[in-house]
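See the structures that follow.
Here chain A shows up in two complexes: once beside chain B, once beside chain C.
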Partner chain A sequence: MSGLFLIILIPFLYAVIVPFIFKRIPQLHTGWFVLPIPVVLFVYLVKHITLVAEASPFIHTVPWIPSLGINFTTYVDGLALIFGLIISGIGTLVTLYSIYYLSKEREALDNFYVYLLLFMGAMLGVVFSDNILVLYLFWELTSISSFLLIAYWYQRKGSRYGAQKALLITIFGGFAMLAGFLLLANITDTFSIREMILEAGGITAHPLFLTSMVLILLGAFTKSAQFPFHIWLPDAMEAPTPISAYLHSATMVKAGIYLIARFTPIFGGSMEWFWIVSGVGLITLFWGSFSAVKQKDLKAMLAFSTISQLGLIICLLGLGSAAMYYGPGENAVLYIPAILAAIFHLVNHSTFKGCLFMVVGVIDHETGTRDLRRLGGLMGLMPVTFTLAVIGSFSMAGLPPFNGFLSKELFFKGVLNASRLDIFRMETWGMLFPAIAWIASIFTFIYCMIFVFKTFTGKYYPQRLENIKPKKPWGMLFPPAVLASLVILFFFFPNPLAQYLLLPAVASVLPDFAEVGLGLEPIKAWHGWTPELFMTMGVVGIGVFLYINFPKWSGIYGRLPGKFRLNYIYDSLLRITEKSFDRITRGYMTGFLRDYLFYIFAFFVLVLAGVMFVLKSFAFNPALNNSISIYEVVLALAMVGAALMILFSRTKLVAIISLGIMGYLVAMFFVVFRAPDLALTQLVVETVTTVLFLLCFYFLPELTPEIRKIGFNAANMVVALGVGLLVTAMAISAQNNRFFAPISWFFENSHELAGAKNIVNAILVDFRGFDTMLEILVFCIAGIGVYTLIKLCLTEGERNENK
Partner chain B sequence: MKTNDVILQTVTKVATFIILTFSVYLFLAGHHNPGGGFIGGLVVASAITLLFLAYDVKTVRAGLPPVDFKILAIAGVLLAVITGMGSFVFGKPFLSHAFGELDLPFFGNTEFATSVIFDVGVALAVFGTALSIIYTISEDMCIWRR
Partner chain C sequence: METLMAVIIGILFSIGAYLILSKSLLRIILGSSVIAHGTHLLIITMGGLKTGGPPILGGRADSYTDPLPQALILTAIVINFALTAFLLVLAYRSYAKLGTDNMDQLRGINDE
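Our next item is the complex of A and B:
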């Protein structure tokens, strides 16, 4: 697999040509040209399943910045492979689905597919990268592509709001994660995750261990929408439905789970990791399922359900990390199944949630609404969609014969085992885990029932729907049908899946245990009259009862005061920061050039005088200087006179001409010092700039007595004097501070080296030609800058006149 | 108020030619005597500026070839960069120059140097930028006056 890094790069490379395809071939939907990419990736990865499951993982390194230890290392083990398969597999189905979902006439398909491919490449990069800095790069790239995709319909206010919210929260977490990565790299002295795992034993005692762990978890929790950072995910539902199915349920939000699983070998086994990960996961599981019940929008309901399911997986990973505390042996066997359940549920969730999102997309596409209050009785209209919805949501509720039942049972088993832990103070708090998990599962059951029965049964009100399309969307039903058949397939044949995909993934989460054997039993649908089966039966019984009596207890949702809602807090925070920073910026950006010049010169004086003071570089050595002649004295006095004239002149014209005199006097200095080239240049430059000044001052008001009476400004005088003194001091000290060989040695051999007798010109075009080239470049840029500034002002003025 | 520019205009007509000729001399003299691309370009710019002052911008612009000064400046920078890259062909580092002598009929023994091409780029960039700044501002003034 030497070309492994290519699978990450292919989507990026292909994204470059997508806009051209869209422009050139408008007849055919652009999606058909994008579809082969995830298909090829999927097939390529499938071919390596058995190799990864049996042999050691694949690794391939391309040096990138070797001097900093940053290499583009692709690493494929069981865990990465599962994610890679989900990304490319669901990616294929979503692309196919989007071909029928997005109209090729009305939508900007080039943007859509470029962002989609960007995301695909970035996500593959996250799961296949071994170097944490490369991982971080791809991680942020997924945030950015998610931002672009949420704001795909950027004309809508809700899309922009949701995109901004998602970006702010996930990038905040990303920054925290970067800080955590850097701390971790500092502790272990490597950027490679594999090498960190090898050193994992020694880092627990390090004082920065906890800080780096919390920072990295912040990144994972924001990305995976864990409480209290989950608020971005419901707003992200403004994205087109294929994107919600792909990014916001199947792949991107699982990046946090990937990160936690990947770092379990490093942090796992400590009490903080166990409590933070499983605790946050459990709270999110409960809060997500509790909030999902009250949603009226189908997509919002699925968003909260995704939040809660992600919490479930993260909680399981936290519980499973208890095995690391015991190390390989008898005691750990109880907790390893939690990790298996997490990975299994991760796969299952991708199948049934992807299916459900696509079903919602079909309903939205066909009826024009996703509002539960308007929908009802669609069963007769859409029998296939109904079947798919039943499969998906019953699996989510944890009912047989669907794969959700298996992983839900494993989950119950995990929390029950955890409640019997006698470490990490679990002896006192342990019973909370099964209790909360069980309550959350009841709510999960309720919203699953609402999803199916409120939409498809009951009375059908065609007048409430916006439009009914008679066309059968077979292309939109095929992808969810594939996922629904996987939901059933995994129920009946879980063990081949476990053998080739799940167990290798568990082995990479718990590498120490893989060597001595994981000791996992095969997954069975029927496992006797166990406590977890009774729990499931209880969930169904109480869930049905509560669903039927829903109107009687739905009042509890209005109880939480608005001020404590997380969205309210987020909005206020945003408003307050925007306002206060706006005020600060307005405080110093006055719009007056004189203020900006004041800042610039004050900074100049502070920094340079500070450097001069700290380095003690001021030096005055009169012995090095030549004697001063009468010409120089006269010229200097004349310059002082001209400078005073600028200050006290009554009209602008006099001031400009005095400035010109100053320039000519400098040219005279060059004449005295026998530098004809410089003198000539100075004379011409001075002439041209004087004309330019005259032109510019034409626009400015006359120096009326009112303007002249600006008043004495002490700060301005201090800065002005400071600049003058500083430049003088620098000029004097320059004589005594020589760091480099003077370039005037070219003087002796300019004719031999450059064939030129004029040393100045030889230096300009030959010896220091690079300087000259950059100088004319800067000059040219300045000219273009002047041009644009003036043209821009002009249009601005015209616009004001038209008002 | 009607301005009387007769003297300025008459002098300018003659002076411009002298200045332009001088600028060519300055440019070519640069190798061995005071002068060079930078000053050569600037002197041309000042000659045109003088024309702008003596007559008005529109008249002068109509008499000049219709070349955008910005394009001239950019062409100059490009020429300088490309000359610098020319040394790659001979496997030398960026901006290496060569010079040699050649016997030409009529001119006799003449010296050639690749740095002259670079200098043409410098002259063009300086000339183009200086004039484009002055021209933009003065053109702007005409519109404001309306």
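Our next item is the complex of A and C:
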């Protein structure tokens, strides 16, 4: 599998040519050209299922920045393979679905498929990367492609709002995760997850262990829309439905789950990990299902249901980590099934939720609305869609004969086992887990029933629907039909799935246990009159009762005051941040050039003086000085005098002449310092400059009364003095700090090398010839600038005169 | 000698910086010229002063001053000249167009 990294790169490479296909071949839907990519990836990964399940994982390394220990390492074990199959498998179906969902005449398909491939590549990168920095890179790429896809219909305000919200929240988590990764890399001294797992035993005692764990979990929770960061997911539903099915239910939001599963071998077994992961998961499970019931939009309902199901999986991963506390042995066997249930439910959720999203897309496409208040009685109109909706929702509700029943039972078993834990203070709080899980499942059952029966049964109001297209969208029904058949297939044959996919994945979450055997029983639909079965029966009974009486108790949803809603908090936070930063920016970006120059000078002084102070590089050694003659003293005094005259002059003529004097004095200094060429050049240039000044003198205004005197400004004075002092200090230190031998001896060969006796000239036109050429270029540009300004000015003047 | 030069250079930089921070466009140009002079002197001072004869071969001197700073300064002088000329014309043109050389009034629009 040496070309392993190619499976990550192929989508990226193909994305480059998609726009050209879209432009060149407009008659055929671009989706058909994109479809082969996920198909090829899926087939490629399927071929390796048995190899991964039976042999060791695959690994392949391409050095990227070896000096920093960053390698592009692709690593495929059971966990990564399951995700890879979901990404490419659902990707195939979603691409197929999108061909019928998005019109090739009206939509910008090139954008859509470029973003989709970008996401596919990034997501594969997340699950197949072993290096945490590479993982982070792909992680952020998924956030960015999700942002682009949510804002696909960017003309809509809601899309832009949802996209921004998703980006802000997930990138915030991403940054936290990066910080956590760097801490972890610091603790373990490696960037490779596999090497971290090998060192995992020794790091729990490290003082930064908890910080890094919380930061990494922040990344996972924001990405997987866990409470209280779940608020971005319902707004992300503004994306086209294929995207909601793909990114926001099947794959991207599961990246957080992947991360938690991947890091369980490192962090698992500690009390903090157990409580944070399972607690947040449990709260999200409840809150998501509770909020889903009140939704009026079908997609929003599915979004909250996704939130709640993700919480369920994360809760299971947290509970399963208790096994790590005991280590391989008798006690752990009770908790490993939780991990199995998590992975199993992850697969099941991708099938039934993908199916349901596509069903909503069909309803939306055919009737023009997703609003529950308008829908009703569609059963007769779309019988196939109805069947698919029943399969998907009943599986989600946890009913047989669908795969959701199996994983729901495993989930109940997991929480019941966890309630008997006698570690991590579970003795006192343990019963909360089954209780909350059970209540949440009742709500799950209720919204599943609402989803099916409010849409498809009841009275049919054609006048409430925007448009009714009774044609059969077979292309849009095929992908959900595939998923629905998987839902049933997994119910009847869970164990081949478990053997080839689930158990290898469990083994990579719990590597220590895999060596001694996981001790898992085969998954069975019927396992006697167990407590979990009674729980399910209770869910169904109470669920049906509450569903029928829904109007009587739906009043509780209005109780939460608006100020405590998370969306309100998010919006105010955003508004306050924008306002205060706007004020800060306006505070120092005054629009006065002088202020900006002031900042530049002050920064220059502070930084350089600071460096000088920290490095203690100031050195003063008067012994190195050469002698001073009387001429030089006179020149120096004249120089200072001329400079002061410029400063205090009240007319521009005096100032210009003083500047000219100064220039000539500099030329004199050059003479004293044995630099004849410089002296000559300086004389010529100074003459021309003075002439130029005097020429402009005629046009430039006299120093106006209010600024005739330069005035005194204490702050400017301090900064200007600081600049002077700093330069003096630098000049003195430069004399006493010689790091390298001068290279100037080389130029003494100028006669032999360049045929010139004047060394300075030889340097300019020969040794540094290119430099001089570019200098001439600068001169030309300045000349063009001067010429253009004068010309422009004349035409402007003419235009004014003509008026 | 070097210490004396360092002090003079410091004075030139101070005056130049103060001029640049003033309101008049003309003073800003003058200030940049003053700083340019200071820079030229700074470069030649950092290369060491009066360590030998002028860097022309075939003379009587058996040692030369460092020619490299001189070459650098020569470039700097010319570039500075181009810059000053450009600034002057820019000042002239903005005055002709806008009728002021007060930087406070050349602030641009209030709210962008």
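Here is the rule we use: the second predicted complex is superposed on the first by the 621 of 803 C-alpha atoms of A that agree within 3 Å, B and C clash if a C-alpha of one lies under 4 Å from a C-alpha of the other, contacts with A are read in each partner's own complex, and residues count from 1 in each chain.
What we mean here is this: a residue touches a chain if its C-beta (ideal position, glycine included) is under 8 Å from a C-beta of that chain, and two chains touch if they have at least 3 such contacts.
Computed from a prediction, not measured in an experiment: that's the story for all the values here.
J.: For A:Leu777 in the superposed arrangement: first (chain B), second (chain C), both or neither?
T.: A:Leu777 contacts chain B only, not chain C.
J.: Between chain B and chain C, whom does A:Asn716 touch in the aligned arrangement: first, second, both, or neither?
T.: second
J.: Looking at the overlay, what does A:Ile732 touch: chain B (first), chain C (second), both, or neither?
T.: So A:Ile732 only meets chain C here.
J.: With the two complexes superposed on chain A, say which partner A:Met537 touches: chain B (first), chain C (second), both, or neither.
T.: neither
J.: Once chain A of both complexes is superposed, is A:Ala619 in touch with chain B (first), chain C (second), both, or neither?
T.: neither
J.: Going by the touch definition up top, name the partner, chain B or chain C, that contacts more of chain A.
T.: Residues of chain A touched, chain B against chain C: more for C.
J.: Identify the partner contact of A:Leu644: answer first if only chain B is touched, second if only chain C is, both if each is, neither if none is.
T.: It touches chain C, and chain B stays clear.
J.: Touching A:Ile763 in the superposition: chain B (first), chain C (second), both, neither?
T.: A:Ile763 sits against chain C, while chain B stays out of touch.
J.: May I ask you to decide whether A:Asp677 touches chain B, chain C, both, or neither, giving the answer as first, second, both or neither?
T.: After superposing on A, A:Asp677 lies in contact with both chain B and chain C.
J.: Let me test your reading of the model: by the given contact rule, A:Val691 touches which partner, first (chain B), second (chain C), both or neither?
T.: So A:Val691 only meets chain B here.
J.: Please identify the positions on chain A that touch both chain B and chain C, taking each partner from its own complex.
T.: After superposing on chain A, chain A residues 676-677, 681, 685, 688, 692, 696, 699, 757-758, 760, 764, 772, 779, 782-783, 786, 790 contact both chain B and chain C.
J.: Contact residues on chain B for chain A in the complex?
T.: These residues of chain B touch chain A: 26, 29-39, 42-43, 45-46, 49, 53, 70, 73-74, 76-77, 80-81, 84, 94-95, 97, 99, 111, 113, 115, 118-119, 121-122, 125-126, 128-130, 132-134, 136-138, 140-141, 143-144.
J.: Spell out the residues on chain A that touch chain B in their complex, using ranges where they run on.
T.: 676-677, 680-681, 684-685, 687-688, 691-692, 695-696, 698-699, 754-758, 760-761, 764-766, 769-770, 772-773, 776-777, 779-780, 782-784, 786-787, 790-791, 794
J.: Okay, in this complex, where on chain A does chain C touch?
T.: Contact set of chain A toward chain C: 591-594, 597-598, 601, 620, 622, 624-628, 632-633, 636, 639-640, 643-644, 646-647, 652, 655-656, 659, 662-663, 666, 669-670, 672-678, 681-682, 685, 688-689, 692-693, 696, 699-701, 703-704, 706-707, 710-711, 713, 716-717, 719-721, 723-725, 727-728, 730-732, 734-735, 742-744, 747-748, 750-751, 757-760, 763-764, 768, 771-772, 775, 778-779, 782-783, 785-786, 789-790, 792-793, 796-797.
J.: In the complex formed with chain A, which residues of chain C make contact?
T.: Against chain A, chain C makes touches at 1-15, 17-24, 26-27, 30, 33-34, 37-38, 40-42, 44-46, 48-58, 64-68, 70-71, 73-75, 77-86, 88-93, 95-97, 100-104, 106-108, 110.
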